[in-house]
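The same chain A turns up in both complexes below, where it pairs with chain B and then with chain C.
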Partner chain A sequence: MSVHSHAAPEPVGGKLFNTATFILGILVAVMFAILIVRFIFGLGAVTNLNDGYPWGIWVVVDVVIGSAFACGGFSVAMLVYIFNKGQYHPLVRPALLASLFGYTLAGVGVLFDLGRWWNFWHILWPTYANPNSVMFEVALCISAYIIVMWIEFSPVFMEKWGMKVQKQKLEKVLFFFIALGTLLPMMHQSSLGTLLVVMGPQVNPLWQTPIVPLLYLLSAITIGYGIVLFESCVTAAAYRRQIEMHLLQPMAKVMLGVLAVFVALRAGDLIVRGALGHAFAPSLEAFFFWLEIGCFLMPFLLIGSQGARRNPAMLFLAGCSIMMGGILMRINGFLIGYDTGLGVDHGWNYFPSIAEMLVTIGMFAIEILAYIIITRRFPVLPREEAQAAH
Partner chain B sequence: MALEKTSRRNFLKGVLAASGAVAASVAPQQACARDTLQRPPEGLGLLYDATLCVGCQACVAACKQANDNPAEFNAMDKLWDTPLDTSGHTFNLIKMYRNGTMEQKDSELNGFSFMKTSCMHCADPSCVSACPVTAMFKDPVTGVVGYDADACIGCRYCVAACPFGIPKYQYDSPTGKIGKCELCRHRHDEGHYSACAEVCPTGATLFGRTEDLLAEAKRRLALKPGDWATMPRGRLPAQNETPEQAAKWKGLLDQSYEAQVGNYLQHVYGEKEYGGTQVLKLSAVNFEKVGMPNLPPKSSAATSETIQHSLYGGLIMPIAVLAGLTWVAKRNVVADDKAALSLSPSPASGGGAQKAGGKS
Partner chain C sequence: MPLAIEIANIKNAKHSTETECRLVADLRIKGKLMANQDLISLETDHRVEETAERLGMSRREFLQFCAAIATSLGLPQGADAAVAEAIATKKRPSVIWLHFQECTGCTESMLRAEHPTLEKLILDVISLDYHETLFAAAGHQVEAARKTAMEENKGKYILVVEGAIPTKDGGIYCKIGGKTAIELLKECAADAAAIIAIGSCSSWGGMPSTGINPTGSSGVASVLKRPVVTIPGCPPNPYNFMSTVVHFLTFGSLPALDQLGRPKFAYSRLVHENCERRAHFDAGRFAMDFGDEGHRKGYCLYKLGCKGPETYANCPTVMFGDAGGGTWPVGCGHPCIGCTEQGVGFEKPIHAMAKMKNIEPSVFLPRIVEEKGVGSSLGSAAVLAAVAGAAAGAGAMVAKNLGLSHKAEELEQAKNKGQKANETTEV
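Entry: the complex of A and B
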């Protein structure tokens, strides 16, 4: 009966300086060096961006994909607090931590890409803001969500620093921030897809649809669960902890349910719009479309049966597969399936430069580094010995 | 058993709240539908007639001068301005279509043709809809799509959104701006109209009110190919234009001349595309082949804004969903309180009991 007895979170402890953190540190330093060049000489100096592909991986990977990867907190919090599945509670804090960094960095990462970054505040300023713009809505919601997530996560710092009174006060109103923290990602994760709509026929019909907001929202939720599977397995391996199989197993089932709805909608939409023909054209777009669909279908093969869901390796692979599907869906919509059709001779081309990739890698390195530091020093992951009791 | 029942009930409430949000995003209500915007009645624009164009690029040079843009070199000797496409520093370009032996002008097969590339000044511009900070804006009277660098954050959503590939960013500068044709709106007060039309020797680029230009285009389409006809140059006077109105603009009033009528396709490009554009085009060669995309009469901005306004119009939907979520979260968080949410350092073994208690 007592499914709600959780292990309290506790710092993992251990040394902060090791090979992993050292390598991550170097990657971060390289990123900063490249960014100095970018800010002195302009975007053209380090990126392969051009007028046929004005958005490269700094937007599509760092922001669009990065924020989808940061949906673990949202997906798990929704399960716990909205669907009242309290047993998943031990997953909330680690997921929320990853989300917090994912989103905060996505927010900061936008600044690297903004050509006139010193004006960035205009987007939140009433005299400049354009409520018709999808990007305005995305920016507003992401900014608000970053603040909400820091508030949701702040009990962790309050516990560490012994701020009992403040913590109690916050907990009285936390339900509201949890609700807000569920609403805001729904809004901007769907709108990240809506960004494609105004690009019209430049986006291949395989990814240009009026229901794109719903598809992006559902895929973000599944990615959220996928990333929790991934993180839980990696954290368990890295910290030599037990995998929370009793939680991941049923959660994986929820994930498959949402994924099934997503795949059905995706297929139904393509058929209704008569766009399926594009999937059988001998083109790069069609190839990547099937790759994307394959990644979304793979989890059903991997963990479709109850027995397979007991295997941590299968859960990990299913998580990776869903993440890959999410990556592809976003890269396909924004880059591979995007073509102005107007370039000189053979049209525009884009492949990220080494420097561009190093900045993106650096951003993910910061995220992992911060995750390591915080989980080692702050109470985020559930206490290990209580874990053994299960 | 009581516990199981309540938690199932709450689970269902959660399902209800979430599916409400999802259903809302599935069916954008018709009430919020945003129609494709139409051209303002006094809207200004250009008429480009590819059959009159001789490809001299005088308009390209004049545009550079009027907008204070530097030359762009793509040839070895760096003697001439040789942009390959419009860019953050080139707002207007005459491109060439070539086929086979290139024997005949304005012939799709074994021929060649010219096409002007510059802002179409859409009735319902994607760039204006996309811009999060109103740096791209459409003048309510002239309909000119202008750009304000002081407002711009450089996100380049306008670049990605435009189906004509017009707004372009200056990647070569740490303070790069968006560059695009603004129909020389900065020269209108001095009585100068678009520099490209001012200098065009053949009247291939004509400046005027779009309504008048559309009538002129249709007049040309009705003429017999090969016949000689009068073609205006520079600025096309508005219908029933008074001398006072004409005095606003500098330059000779009538620069018309006799030219041979081209073998036009019966299509005024820009009349209906994306709800219409204020720059119109005539051509003898298929528009897609000369780089003008095939666009539906409905604008993408209308589709995009219909979705956005259906979901967020008046913030009604978000507030309703938030209220539902808050209600559900409050119940679940209170029930979970000490045991789960606060995660007090002591292992909360009594969590289950507390939960049941909180619900009763």
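Entry: the complex of A and C
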């Protein structure tokens, strides 16, 4: 996969059936039950969506947040392959695995939210496609990226099933897919922000700005690193493995750098546009704005010093904090700061129904379940002894 | 003045047919249309004045009535004057009016027209020589009157039939003066100049012919096996009947008819086409239930089963039953039941949706009042809180464990360092 020599990844092993996978399996089953109802009786039967809020958590959480959480693979790949920081290579496969499922499920999750879901293929069919649409760009990029990621990740399966010849052939052209895999998320992560630009004055000025695509891209990269911190710590804790502290420490520093650029841009934009006043209004929007900003500033407090960065607990909390910031930023823009009535037509309201939430929970359960199964059975995580030898 | 409003309505409708225009043009060329082609100039005409006086109405009202008749016939300018002159001067045509299987609604609507003078006009324009409802005489006396009128006006009288004709079992289900409806109809039709079937029953069988049709009710045309003028409706608008008769009086011929014998001036357009609620249909605003928000706001009644889209009649322009502006069924909030249309009226359930003759509305149109969404319920808030709590708890536990192991590691490192330091000092 690269010229850098590292400990070869290997399956973690262990039992597949335990309490965790059992609970996850139940959550997934519940999700499928709700989806059957949804696909037969329509969106109105299970969701709280309405004309004022046609997008609920299935779009905002499953797709927009889900795909941002899946940026770990992209962020680490960018570090390794674009900035040639080969030492991070052991982080690529686990990050890519999380991304793979994050994106695949985000792509599938869009289908749940389509009123006439059986027409889903129209968006990519040449005679139906609308190349001037932001949604088209997002749909095209995400579907292309899903395919690219499966190709990027396929060496894992090839190693497992002993397809040496095919793997060699693939590795000759893999650089092309890796390049694509870095380009495509940049395109659609920014386009997800463009959706807010398109919504215009319906979105609160705190989240609607011409540079929102750039902010979404930067925050997605930051979240990508945040998720790697989170995932490495959780994996280490769950599988009782060593944490790759020697990799996470410098990566956390990179993350803080990108985060600083993001926060500066976010603040600068608000000041230049004169939108900061909205942050001091006694409103729900303002409260959630400060909560979001707080989450983005928290990592500086937590892991600002070299000493703090040595503590995995701090790295973990910083990762959580960034993820929380990313969640809030997207929920704020798409739901809390969104007013379809433009302040004139009052009374529009949305809060996810239990069924809606259970589907979203089920989606994340699939991701975790798949992560557990694949890391236990396929060579994804670095070999433990090799780790110790480092 | 309601009449003036109606004239304006009728003018807007423009039911003009080519035949009518040609007819008037021909008359003009032949000089048959009198020099007075301007209705207003007739105001000073003494014959008009006399007629108006005879009818007990003002001269102006009489001329307005003539203009209304001419416009509802779709005749061009100048024809109103011809109509006025014809009514004022021509010999009234003899009319024999037969009643069979019916409810007398057609006659009722004619006599109970909103304009108090209309029934007078009807009785003045025509010489009603036989009418079972209106005749004071009875029995042999009245049958004799019919025979006399038929003989005197042989080949010139107009036969009007109200009600369906039962044909089953030799037509025994309707007898007048010992004769079956079929016999009476055939007898009277033999020497008639024109036959007008008034109402849906005589037009095609109407209400008595629905379902299993126990008496074999049929329309006039199918019994006589020849085309007749049909003025369907339950009841039809009296103006449509009047206009047909006045056309006959003025021009000596019947107005242009469609393939079902209906005068084109009245039945060439769908109710849907000139409906006052059409804009709501086009905008996709429908009443869904009687008394709902959309119904109160006067939205389109299509989804309540309005048959306007498949019914040919001029109700939206002349109003149903001449009961006055805005008082036709759709105007009152009830869907059109399609009473003028065979196979629709009395046949389809009132609530059944009409078969659209032109474009069908999308089923994906917005509701009358869009739900604006519900807030959090106790359950949904609890689920969200549970998820957040579980995540926070799990996060805290992971962080705590990581912190503990870090501490232990650092202690060990420090211990190792200390040991090393000790070792070095020892050496």
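Everything that follows uses one rule, which is that the second predicted complex is superposed on the first by the 380 of 390 C-alpha atoms of A that agree within 3 Å, B and C clash if a C-alpha of one lies under 4 Å from a C-alpha of the other, contacts with A are read in each partner's own complex, and residues count from 1 in each chain.
In this text, contacts are C-beta pairs under 8 Å (C-beta built on N, C-alpha and C of every residue); 3 or more make two chains touch, one makes a residue touch a chain.
Since this is a predicted model, take the numbers as computed values, not measurements.
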| item | value |
| --- | --- |
| Simultaneous placement of chain C and chain B on chain A, clash or fit | clash |
| First (chain B), second (chain C), both or neither touched by A:Ile65 | neither |
| Chain B versus chain C as contact partner of A:Val228, first or second or both or neither | neither |
| When both partners are placed on the shared chain, which of chain B and chain C touches more of chain A | B |
| Touched partner set for A:Gly52, first chain B, second chain C, both or neither | both |
| Touching partner for A:Met255 - first (chain B), second (chain C), both, neither | neither |
| First (chain B), second (chain C), both or neither touched by A:Ala179 | first |
| Which superposed partner A:Gly86 touches (first chain B, second chain C, both, neither) | first |
| Contacts of A:Leu302 with chain B and chain C, given as first, second, both or neither | neither |
| Clash with chain C (superposed arrangement) - responsible stretch of chain B out of 22-30, 40-48 or 76-84 | 76-84 |
| Chain C-contacting residues of chain A that also contact chain B | 49-52 |
| Chain A partner contacts - residues on chain C that touch it in the complex | 366, 370-377, 379-381, 383-384, 387, 395, 398-403, 405-406 |
| Sites on chain A touched by chain C in the complex | 48-53, 233-234, 236-237, 243, 310-313, 316-317, 320, 347-354, 357-358, 361 |
| Partner chain B, residues of chain A touching it in the complex | 1-10, 39-44, 47, 49-52, 54-55, 78, 80-86, 89, 93, 113-117, 119-120, 122-123, 125, 128-137, 139, 155, 159, 167, 171, 174-176, 178-180, 182-183, 186-187, 190-191, 194-195, 197-202, 210-211, 213-214, 217, 338, 340-344, 379, 383, 386 |
| Of chain B, residues touching chain A in the complex | 3, 7, 10-11, 14-15, 17-18, 21-22, 25-26, 28, 84-85, 87-88, 126, 129-135, 149-157, 159-161, 163-165, 168-177, 291, 293-296, 299-301, 303-305, 307-309, 311-312, 318, 321-322, 325-326, 328-337, 339-353, 355 |
